[in-house]
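Two complexes come next, and they have one chain in common, chain A, joined by chain B in the first and chain C in the second.
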Partner chain A sequence: MTEMEEQSGPPTTLIDPIDMSKLDTKFREQIKSMPNSEELSACFACSTCTAACPIANIWQYKPHQLIRMIILGMKEEVLSSSEIWLCLTCYQCQERCPQKVRVTDIFFDCKNLAAEEGKVPSNIIGLGKELLEKGQLYTVTADWEREDLGLEPAVPGLSVEAVKTILKETRTNKLVEGGE
Partner chain B sequence: MPIYNLYMGCSVPANYPNYEAAMMKVAETYDIQLEYMEGVGCCGSPNLRAIDYLGWLTINARTLAIAEKNGHDIVTPCNGCFGSLKDVYHFLKHDAGYRKKVNDILKKDDLEFKGTITPRHFVEALYTDIGVEEIGKKITKPLDGVGIAIHYGCHLLRPIDVTEFRPEYLNQLVQATGASVIEYPLWKQCCGATVLPVDENLAIRLARDKLKSMKESGAEFIAVVCPACGNQLDLQQLGLKESYGEEFNLPVLLYPQILGLALGMTEEDVGLSMNRVPADSILNHLTG
Partner chain C sequence: MSTSNPVLIIGAGVAGMTAAVELADSGIKAILVERQETVGGNALDLYKAFPTDDCFYCFEGNRWRPGIRKCFYRSALIDQPNISLKMNSEVNTISGKPGQFTVTLKVGPQYIIPKKCTMCGLCIEKSKAFHLLSPQCQPQAVVYTPSINDDGAKQAEEECPTKAIRLNAQPTEETVKVSDIIIATGYHEMKPVNMTEYGYGKHPNIITQLELAKIIDPNGESGGVPVRPSDGKPVKRVMMVQCVGSRDENYYPYCSKICCVFALKHANILTQERDGVQVSVVYMDIRTYDRYERYYRTARESGVEFIRGRVSLIQPGEDGSLDIVVYDSLLNKYLKFSVDLFVLSSALEPPEGTAKLIESLGLKSASGFIGIADPISENEVVVGDHIYACGTALGPAEVPESVTQARAAVSKIIQSRK
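Showing the complex of A and B:
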C-alpha cells in the first residue's frame, strides 16, 4: 500500500460544475424546431450512441454528451466544437438509439446553426465555393477515358447552372462571401 | 423493359467512368433502359447539407421534380447521391412547411416536388426489378467461389427508415456471380470519405481499419457500389503502401464490373485497367 500524501487543503473537485448563468435555455427549443429533431428530449443518456460511434474514443465530447449539452443549453460549446464537423454521418448512433433520437440528423442541425454564425471549417467553405462557382464538386477532365469506354465525352444532360442559381440565394453564398 | 431516369451525379462520370460504362452494359444485358436525366447537376453531398440545409433540399427536390415530369423512378450508381435524394424525398414528403418553401423556389422554373417517383440505387433496382434468379440466368462465366468482402457504404444502409435498403440485397447479387461473400467484423463501419476534407489522417485510419478487418477475415477482393467509398478503399491502399510500406493487395471492384465479367464482358468493357490496386487477378477466377 502506498502512503497517503499529506493534504494541505480540501480534496480537488472531481467534476467541475456547470455555470448555470452561461446556459442558453432556448437552445433546446431552437434545435427541436429544426429538421428531424423532434425526439431530442427523449434522450435518457444511456450512451448507446457513443458505444456505436466508431470515432467517439478520440472525441472530447462524446455523442451522448453533445445531446445532453444541447438539452442543458450549452450552445456556445456545442456550436464551437470540432466534433460536429468530424461526425462521419455514418448513422450508426442514430440507428441504435433506443429512444429514436435522430442523433446524426441533430448534428446536421447543429452544423447549420454553426454555419449561420459563420463557424465553418475553411475546407468545407471551399467545397461550398466549388458548388457555387462550378455547380458541382467534380468536373470531367479526362474525357478521352470516357470515350475509350464507349461513353459520351461530356456527361449527357448535365446542367450546372441551376445549382449555381439556387445556391446564390441561400446560405452557401453568404458563407462563401463572408469567407473571402 | 423497365425505364429509369439515370442520375449520374458528378463523381462517377469524372472519377469512375469504368463504373458508369460497366453499369450501362449490364443494364443493356438485362434490357433495362437507363435514360440520362436532362438539365440536372450535383447533389451537393452531405457537406452542403451541413452548411446550407435549404440549398441542399432545393437542388435535390429539383432533380426529383424533373423526374416526376416523365414519371419514371430515378436510379443512381452513387451512395452519396442516393443518400441525398432519398433523404430529401423522405423529408419533404413528411414536412409540409419545408415542402412549400422549396416549391416556392422551384416555381420559377415551373417545377414542383410532389413525391410521386422514388429515388433508388442502381443495385436495388437490379435486385428488386430484375431479381437474382433472372440475373443468374445470363451468367456465362461464373466466378469460382473466390472470397469477396462487400463494403455497402453508410448512406446505402442508414438510416434504414429512409434508405429502405437491406444488406442481403447486395449479398445475393454478389453471390449470383458465383463469388462467396466474406463476413468481417467491421462490415458496418464507415470508409471515412466524409471526413476527408476536415481530417485526412482520421479518414485514412478508418479506411485502414476496414481493410485490415477484410484482409484478416480472408477476403481476396472488395466490392463497392459508391465512388467515394471506392476512392477511400482503393486509393488509400496506394497511400498506405507508399507511406508505411503496408500492403493489403485487396483489389476494389465496382459491383457492375464483377457482374459484367461474369456475363462474359471483357476487361476493356468494364474498364478494369482504371482500378488503382491492380484488379486483373479477378480474371483468373472466372470459369466457364
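Showing the complex of A and C:
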C-alpha cells in the first residue's frame, strides 16, 4: 500500500501518446466525401482486410490500422505512409470486408489526397515520367514469345502518342514537373 | 390444498410486475413485495429502454395489457384485486415446505394511502418531507420521508383534501402462507470503487452508465442536457469504458451482457439527440448480440469513436476535465484524450440479500445470482421446488427477456395447479 502513496506521477516517459486534440478530425469527413468511401465509418476493426492482404506482412501499418488512423484523424501519418502506394490494388480486402468498406478504393482516395499535397514517392514520379515520355510503362518488343504465340510483332492498335498527349494535359504532368 | 394460497413475488421490477399482473389476470392472488418506494426497479432509471427505445414509464404501462390505454393501467397495480402490493417491504423469513411456505414480511409504514392520494401537491408545498418521485410513479402517490421533520407535515396531514396522509403509520410484520415463490430481485450496478485504476468515487466526473442515464433523462435536473456533475457545465467529450468488473476474474467472471447495448444506446442518444457531443468507447469486445448489432452500426455511422484497448491512466485536469491515455491495441499506440465525462460500464451484480436468499431456500448459485435447479431440463425459471426466478435475479438480462421469463414462471405455476 505504501507503493501507492509514493507514486508521484504517471510514468509519462514510458509512453508517448498520440494527442487526440492535435489530430485532424475533419480527415474522416474528407475521406467519406470522396467517391466510394461513404462506408468508411462502418469499419468495426475486425482486421479481415489485413488477413486478406497478400503483402501486409511487410507493412508497418496494416490495412485495418490505416482505416483506424483515417477514422481517428491521423491525416499526416496516413498521407505520408508508404503503404498506400505499396498497395497492389488486388481488391481482396474490399471483396472480403463484412461491412462493405471499400478499403482499396479508400486507399486510392488517400493517394489522390497525398498527390494533391505533393506527397508522392519518387519511384511513383519516376513511373509517371516514364509514361509521359514513352506513353507506356513497358515497351513491347517483337520477341520470340509473341512469335511463339503466333502474334504479330507489333501490338495492334497501340497508340502511345495519344496516351502521352492526354497525360501531358493531366495532373500526371504537373506531378512530374513538381508543379503541385 | 395449497392451490388457493397466493404466490409471493419478491421484487417489483420489470420481471416481478409482469409476473404479478399475469398471475392476477389468471385469477391467482399475488403478493408483490418491493423494498423501495416505487415499482419499476432499475428500469425506471434507464430513460430509454432497448429494444424499442421507449421511455420506460410508457413501456411498463404498455406491456401489461396491450391495446388498452397505457395511462389507465398505470394504476392497475393497486386497483387489481388479485395483487397485494407491499411497498417499502422486505421478506424476513421463509419457512414451511414446498407448496406451503410460511413467509414473514416486514411491511414498511404506509404514510400515504395511494388509493386516496390524488397527487394534488398540497403537502409538497407545506413540507419538504413530501415529494413526488415522478408524475408517472407507481403507486400513484407522493412519498413521505419521516427523517425530514418539520411543522408543515402535520399541517399537510390535516389539510390533505382526500385524507391520504397518516403520519403515525407504523411498520408492521405480516405472516402469509404462499404456495409458490417467484424471485425477481433484479440486479445492482456495481460501484467500481475498488478498481482504483478507474478512479470512481475520487472524481465527480467519473460515473457509471446508470448515473449517465439519469443525467441525460429529460425528466432529470438538467432537462436531459448532458452536464458535468462537478460544475454543471455542458459536456462536450464523453469517454465510455466497457467491461468494468465484468469478464474479470478479480470481480465478476461473467459477461454482464447488456452493458454494450446500454453504452451504445447512450452513445447514440448523446451523438444524435444532443448538440455537439463527441463520444469515444473503449472496449475489449463489443457484444451486441442478436438484433442489437444495429445499435453498433448506428453508433459507428453517427461518428462514435471506438477504441479497442484499455485505459492506461487518468489525470484530472485543472478545469474539471480529465486527461486520459488509452492503449489502442489495434494500432499498438497510446492515444491521449481530454474528456468531460468518463463513464464506466460497470458489471451487473446480484443485489444485496441474494446470498441470504439462496442459503435460506437451499438454492443453487450461479456466480452469485440465482442458479437454475436442473440445467439439463432447460427450465431456466425453475430454481427449486415451487420456487421460480425470473429477470436479472437469474443473471444479467434485458427487458424483453425478463418479461418472457416472468411469463414462463407464471405458466409453470398455472400448470402445477391443474
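The definition used in the following text is that the second predicted complex is superposed on the first by the 144 of 180 C-alpha atoms of A that agree within 3 Å, B and C clash if a C-alpha of one lies under 4 Å from a C-alpha of the other, contacts with A are read in each partner's own complex, and residues count from 1 in each chain.
We take it that a residue touches a chain if its C-beta (ideal position, glycine included) is under 8 Å from a C-beta of that chain, and two chains touch if they have at least 3 such contacts.
On a predicted model such as this, the values are computed, not experimentally measured, just so you know.
Once the two complexes are overlaid on the shared chain, A:H64 sits against chain C while remaining clear of chain B.
When both complexes are overlaid on chain A, the residue A:S80 reaches neither chain B nor chain C.
By the touch criterion defined above, A:C43 lies against chain C but remains apart from chain B after alignment on the C-alpha atoms of chain A. Taking chain A as the reference, the larger set of touched residues comes from B, when chain B and chain C are compared.
Of the two partner chains placed by superposition, only chain C is touched by A:L72; chain B is not.
Of the two partner chains, chain C is the only one touched by A:P17; chain B is not.
Applying the stated contact rule after C-alpha superposition, one finds that A:K111 touches chain B and leaves chain C untouched. Once the two complexes are laid over each other on the shared chain, residue contacts for A:P35 go to chain B alone; chain C is not touched. Contact residues on chain B toward chain A in their complex (touch as defined above): 8, 10-11, 13-15, 17-18, 20-21, 24, 36-42, 44-55, 58-59, 62, 91, 95, 98, 105, 109, 154-155, 157-160, 188-190, 192, 194-195, 197-199, 202, 206, 209, 271, 274.
Residues 4, 10, 15-21, 28, 41-45, 47, 64-65, 68-69, 71-72 of chain A are the ones that touch chain C when the two sit in their complex. Remark: chain C residues 196, 286, 296-297, 300-301, 303, 305-306, 308, 312-313, 315, 325, 328, 330-331, 333-338 touch chain A in the complex. Those residues of chain A whose C-beta lies close enough to touch chain B in the complex are 35-36, 54-55, 58, 85-92, 94-95, 102, 104-105, 108-109, 111-112, 115, 120-121, 123-128, 131, 135-141, 145-146, 149-151, 155-163, 166-167, 169-172, 175.
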